[in-house]
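Two complexes are shown next, each including subunit A; its partner changes from subunit B in the first to subunit C in the second.
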Partner chain A sequence: MQIDQQVMKNIFVFMPRGRLDAASAPLLRERLAAGDGGNMVLDFSAVDFMDSSGLGALVAGARRLRAQHGDIKLACIADTVRRVLELTRADRLFDIYDDPEAAISRFAPEKSV
Partner chain B sequence: MKTLLVIKANTFDWLQAVFPDRSPLLASVCNKPLLEYLLDFAILCGSRHFRLATDMPLAKVEAVFGGGGRWGIELTYAPIRKTDDLATALQKNSRYCAGSRLLVMQGCFFLHYDKQKNYGPFMQTTAPGELLTCATGRILIHDATPLKTAPSPDGSPPPLALTSLRSIGELYRLSMRVLGRDARQYVLPGYNNETDVYIGRNVMIARSARIEPPVMIGDHVQIHKNAIVGPGAVIGRNVIIDAYSRIHHSVILDKTYVGEHLVLDRKLAGGRRLVDPGEETMVQLEDAHLLSTMRPSSRGRNRLQRLGHGLLAALLWVVLAMPYALLSFILKRQGRWRRSEAAYWVDSSGRSVRLTRVFLNPSGFCGRIAASLALDRYPLLGRVMRGDLALIGTRRLPATAANRAVIEADAGYRPGLFSYAEAEHWPVPEYDQDIVDRFHLAHQTLIYDFVMMVKVLLNKLHEETALCKSISK
Partner chain C sequence: MKERVTLELPPDLHFLRLAAMAGAEAARYAASAIGMQRQDVFTHAVELAVSEVFTNAVKHRRAATPAWHVMIHFGINAGDLEVIVKDRNPHFDLDSVPSPDVDAFPEDGYGLYLVKQVMDTVTVRREAQCNIVTMTKTIRPEDAT
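On to the complex of A and B.
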């Protein structure tokens, strides 16, 4: 898996590509940990599969960021990923947008990195 | 034109209070989900793109509506959170909402329209803003672009009204009204050869049974000898009306068995629950021969799984018997082994049993070995062999009223001796454990459980080995 990264309006935007599974979850976990309490948007438009390891990385990353007063918002999730989030009720933990820019604009300016 | 439907769980609290195991999004009037009436209306308005944004589980709705192909539309789904207001829901769906006139339906209501009318021109020429409102919902039109054509001054708007839905009584009265008075306004499910009689597929009616219009019978229904159905009866899908029963001015929800000689007059029944819509009171019948829930048979699969888990538990019971006897004796003497008992729910029907909990102090050589062999769970192996627990499953929930509500609403509760989260190293709060438990439960098979069980045991062994190493360092 490859994770593209950019900063838009002082918000980290990560764009993982491919499958988010046991092999790629550590990379996502590492990137989210590097956020260091900032706000992030995860653009999932290029993720077509997520298993429990990917879910674990996502949930653990969100917990850690929130403990440091940061947050993660998800954008452009595919139906397969949405179903996993819903099945496990992890969707209740995240704000999910269909447009990364809308997700970025929701972060208050004072919370940006 | 596109349509965005925003429905939140709290608008269906009244339904969840009475029928917690039924999906509110599939609540129906005359065997047609409320959602489908909204779809039909949106289609009459010329909308071909429909999105449902909700904080409720969508799996059952997706199973019924899919991608909207049956209606010739594109239907998509979007999760929102229970704290989201309409502005947030619109922002979360901004890409979908952009570039077209948007019909927004928010809340829980019934929409009165007429299938004979063409709502397209009316919707295209109506100024953006609130179109209709009631106590529990509203319909709005969003449009950033100016109107292309002015509304025709002489054309009267087609009939359109909202009815609030705040109680089970209102849902019942609506069903009776649509069946008895307004049926021609809507496309209703079923074969309609005779006036006011709608009959679904695969319906068996005994020769001596009597059907009195108006009546609506869903798919896969059996009506046994000398039963009288109607006038004013709405029978859902997968229902059995047993012999000599009488159903008048009543609604029987899907998957319900109505026993012999039962007379239901002005009632709403679903599973074991019987509601008096006038008084808004509900009773739950304990006698399954009177009223009960019909469930799809998964007995064979469940039995096989229980057998597999039981055999594996028996194997562990034999293998760990000696270490358990020896180490528990030593640890008890050292004061590092305590036992207590507490009641736990063991299935989603609300059955509870008292389970032994062992508190093991893993310090010291014996404690570490006992912990790495998971001997604190050994006393529960008997419960697995008896079928009360799975060997590996979801987290066990103590038998409290709050947890009862959780398991009743959650079909995926299968408490295990070990939880799936233990196989995944999720050292996180309980809610996060539940997330991973639900994931694995949805994918589980007997072999899958076996693999996960091996992972749990290896994790236990690894944790204790790592602990030993760190102590020795």
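On to the complex of A and C.
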């Protein structure tokens, strides 16, 4: 798995590519743990499969960030990923958006002048 | 129609994708045999279940045991599928594996819970020092979405 990273409006945006399973989840856990308690968006548009190991990485990252007053929001999740979140009821743990820009705007809403 | 396919894979996560995608392909073949056009839920269920069970077989491997392979057997019928995963790990009792407390959002323990949710039947038996996990899945109308 490859995980691209960029910063948009002071929010870390991670874009994992490929399958999120026991072979790749440790890398995502490592990336999420490297955050300093800030806010993150995970753009899942290039993830087509996630099993319980991937879910564990997401839950661990969310718990860790929230303990530090940060948060993770998800964007562009495939039906297969949504199914795993719903079956485990972990969909209640994450705000899920159709695109990363919408997730970022929820962290950093633009101020009206 | 009754097709049999067997894989023998090293107990190594490098082969996890191959195992899971073989499950998806076997499911797709079973679904296609009855003319189902949309097979997403059915194929994903089998792919997920194989991924979870193969991962368990690798993670619970005893380092000291002689080399062995995980055997994955697919019994493919028109409209349903049987998956058998055989390993030489220490015995485990399916009923003794607790379900995760989903309201507490634990970081692990979801694997077999997911398998039980997406497959129709899941059993584990011990035979000749092997764990034999048998799972079945039949296509239902709601899988055609």
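The working rule: the second predicted complex is superposed on the first by the 107 of 113 C-alpha atoms of A that agree within 3 Å, B and C clash if a C-alpha of one lies under 4 Å from a C-alpha of the other, contacts with A are read in each partner's own complex, and residues count from 1 in each chain.
Basically, a residue touches a chain if its C-beta (ideal position, glycine included) is under 8 Å from a C-beta of that chain, and two chains touch if they have at least 3 such contacts.
What you see is a predicted model; the values in this text were computed from it and never measured.
By the touch criterion stated above, A:52 is placed in contact with subunit B and with subunit C alike.
In the superposition on chain A, contact is made by A:98 with subunit B only, not with subunit C.
In the superposition on chain A, A:21 makes contact with subunit C only, while subunit B stays out of contact range. In the superposition on chain A, contact of A:63 is made with both subunit B and subunit C.
Judged by the touch definition given at the top, the superposed model places A:83 against both subunit B and subunit C. In the superposition on chain A, the residues of subunit A contacted by subunit B and by subunit C overlap at 51-53, 55-56, 59-60, 63, 79, 83-84, 87-90.
Within the complex formed with subunit A, the residues of subunit C that make contact are 13-14, 16-17, 20, 40-41, 44, 47-48, 51-52, 55, 58-59, 100, 102-103, 105-108, 110-111, 113-114, 117-118. Those residues of subunit A whose C-beta lies close enough to touch subunit B in the complex are 51-53, 55-56, 59-60, 63, 79, 82-92, 95-99, 102, 105-106.
Interface of subunit A with subunit C (complex): residues 19, 21-23, 49, 51-53, 55-56, 59-60, 62-63, 79-80, 83-84, 87-90, 93. Of all residues in subunit B, those touching subunit A in their complex are 55, 57-59, 77-82, 91-96, 424, 426, 428-429, 432, 434-436, 438-440, 442.
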